[in-house]
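Okay, got some structures for you below.
Both complexes shown next keep chain A, but they swap its partner, so chain B is in the first and chain C is in the second.
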Partner chain A sequence: MMPRPQEKVDFTLTDTEGEPFDFRARTEGYVTLVFFGYTYCPDVCPIHMANIGAVLDDFPLEVRSQIKVVFVTTDPERDTPERLRLWLDNFDTSFIGLHGSRDEVNEIQVALGLPASVIEETEGGEYLVGHSARVLAFTKDNLAHVAYPFGTRQADWAHDLPKLVDERWE
Partner chain B sequence: MRLWCTSSQGVAWDWTWQPYVGVWLFILLIAVAYWLHLRRFEPSAWEDCTQRRRHIVFFALGLFLLWLALDWPIAPLGMGYLASVHMVQYMLIALIAPPLLLLGFPAASYEKLSDRPRALATLRNTTQPLVAFLIFNVIITVTHWPALVDPFMSSQLGTFALDMAWLVAGLVFWWPLIAAVPAWPRFLPLFQLAYLGLNGIIIRPPFFILLFSKYPAYATYELAPPIPGTSALSDQQLAAGIMKLGTAAVMVVAMVFVFGEWVRSSKRSDA
Partner chain C sequence: MTNRTYRLRHSAILALAVTIALACISRETPERIDLEVSRVFVTEPVTGERAAMYFSVTNNGDVDDELLAVSTAAAEVAEIHRTEHEGSTMKMVPVDALTVPAGGRVDLAPGGYHVMLLELTQNLFPDDRFDVTLRFRHAGEVVARARVIRYEDVEELVGGAALSDPHNSR
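What follows is the complex of A and B.
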């Protein structure tokens, strides 16, 4: 649980179809899981996405249809919309991938109470992107009452998400 | 420098070789101890030269398989990424290497145990078939219990303890079948077949957990960087299959050997 619920932030980024995605308008009335990461991430991002995808796959349609997952790339240079779409499809084809400039995305992260992402150079001219490992869960009241750290397991998601859908997060 | 392999601890899998110095020392220690043990025997203690070579080959093969299970790449894959490889490790350490290691000792080694009455008494108490069966199955159940395995696999000492528990469990299980201590009553072939058969069909609780749980049972594999083309749950179900069918296969092979030996010895006594 977050000590103080985090309000949704108004922003519009580009989705993997190249269309503008108005975050507040398009997620209104849904439980929305928001995660900032990148497709070259070696650990946290694929683990979170794989676990959420596996659990959603198991939910009945009436629960599943009330949940959106939004993945915002923190590595716009390498994560082209095509690559982002392909990568997300490994986990769930309904996952929404958003793309914006590094500054735009950092501003959104800070507005949501998350640290801005940072580039970490590695050997051979490659780089990693340091970013928050938390998934923000916005409920239908447009507030994030809960944030899920790295280490959240499928059983935890399966336990919590239906409760968030039913607005029973206390 | 790592002495023993641990869970992946957030590092993505790649094929970069890693040394596990503790594993090398452990294997070397066993090899040296075996060589020193063999040197104690006069040539006359051996049945014949072929027999001697056979014992050495069995022991070397057992030790090689043990090393294979404990070192890169099986160990890091099994301890950090794939439950199915973890189960292959278990098969090698607990079910396949121990009988080969025990077959590596000549009859004279087991005869020599009578020089150490206290060790012999302890061995006798722990390796009576019913006790050995219980010890093996309790250890295997406990060492696959998710709540215990996850914390153990996060440290070198923990994974060392798991590996040693499997090895000891395997040696205890196979002892009544292979180690022929002359002073002890013979384990009759019919009972040997029952002992192996029962172990082949017994269903331990971890098997149910692995096969039927809706979500991954082990945090280690669920929270390890995924290997493309696998999911934690399908990997876990494969692990359950390896555990059940692999154990059954080893038991069937052993039963064939026991039955064959039984038929041969019956023919010899008839002749």
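What follows is the complex of A and C.
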């Protein structure tokens, strides 16, 4: 649980079809899981996405259709919309991938109470992207009452998500 | 060479020999090197070019050992990385060596240590298996069999290991 619920913020980024995605308008009325990460991430990002994807598979359509998963890349140079789509499709083809400039995305993260991403160059011309490991879960009241840390297990998601859908998160 | 220097050198050698003998006597058994590598898995490379590898090293011997390098025919490059936690932010940091304390165990697991396999030389799919060579300072080379698994199966395999502190003393 968050000490204080986090409100949604207004932003528009580009989705994997190259279309503008108005976050507030498009997630209104849904349970929306928001995560900031990058496709070259070794474990934190893909494990979060895979765990959520695996759990959604087991939900009835009526529950599943009330949940949106939004993945915002913190590595816009390497994560092209095509690459984002390819990567997300491994976990769930319904996952939304958003792309924007580093500054835009950092601004959104800070507005959502998350730390801005850190880019660090390494020796081989490669670079590492430090990013928050938390998934923000917005409910239909447009507030995030819960943030899920890395290490959240499929059993936790399976237990919590239907409650978030039914607005019983207490 | 005078007689005197000869005698000096001779006594120095004698002293050294006595020291070694004493060192051996002071231990009940000679130093034992006994490493066991287990639970070797590689997460499926969802975008093809890189994959993360995890395993456990149990040191049943009397001396601390160090993992110095990893190699496999499946990748051109293998680097040992640590995921660093700063608040809720995580980032990867390359490490030169990983200590496995005598009588202890180190678990490489998501959120802690991993070996990043870069420039994969073959396509890897879930359930594929391949050999990896781990080079330790004292134990030398240890060959183990890695298995490719899906990201959603990681939590089951890892169980309670790591996700925070990779050093579990037994």
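The rule is short, and it goes like this: the second predicted complex is superposed on the first by the 170 of 170 C-alpha atoms of A that agree within 3 Å, B and C clash if a C-alpha of one lies under 4 Å from a C-alpha of the other, contacts with A are read in each partner's own complex, and residues count from 1 in each chain.
Note that contacts are C-beta pairs under 8 Å (C-beta built on N, C-alpha and C of every residue); 3 or more make two chains touch, one makes a residue touch a chain.
What you see is a predicted model; the values in this text were computed from it and never measured.
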* Check chain A with both chain B and chain C modelled on it and let me know: fit or clash. => clash
* To do: May I ask you to name which of chain B and chain C touches more residues of chain A?
  => C
* **First, second, both or neither for A:Asp103, with chain B first and chain C second** => neither
* Identify the partner contact of A:Ala158: answer first if only chain B is touched, second if only chain C is, both if each is, neither if none is. => first
* To do: Based on the superposed arrangement, let me know which partner A:Asp58 touches: chain B (first), chain C (second), both, or neither?
  => first
* To do: Would you check which partner chain A:Glu77 touches, where first means chain B only, second means chain C only, and both and neither mean what they say?
  => neither
* Looking at the overlay, what does A:Gly130 touch: chain B (first), chain C (second), both, or neither? -> second
* Asked: When the two structures are overlaid on chain A, which partner does A:Pro46 contact: first (chain B), second (chain C), both, or neither?
  -> both
* Asked: In the superposed arrangement, does A:Asp166 touch chain B (first), chain C (second), both or neither?
  -> neither
* Tell me which partner A:Leu86 touches in the superposition: chain B (first), chain C (second), both or neither. => second
* To do: Going by the overlay, flag which of 55-63, 163-171, 181-189 or 217-225 in chain B ends up clashing with chain C.
  => 217-225
* Structure fact -> Overlap of chain B and chain C contacts on chain A, residues 42-44, 46-47, 50-51, 54, 90, 150-151, 153-154
* **chain B partner contacts - residues on chain A that touch it in the complex** => 42-44, 46-47, 50-51, 54-55, 58, 90, 150-151, 153-155, 158
* Mind pulling up the chain A residues that touch chain C in the complex? -> 39-40, 42-44, 46-47, 49-51, 53-54, 83, 86-87, 90-91, 114-115, 118, 120, 122, 128-134, 149-151, 153-154
* chain B residues touching chain A - in the complex, by the definition given at the top -> 10-12, 214-216, 219, 222-226, 228, 231-233
* Asked: Within the complex, which stretch of chain C touches chain A?
  -> 43-44, 46-47, 50, 52, 81, 83-94, 110-111, 114, 116, 150-152, 154-155, 163-164
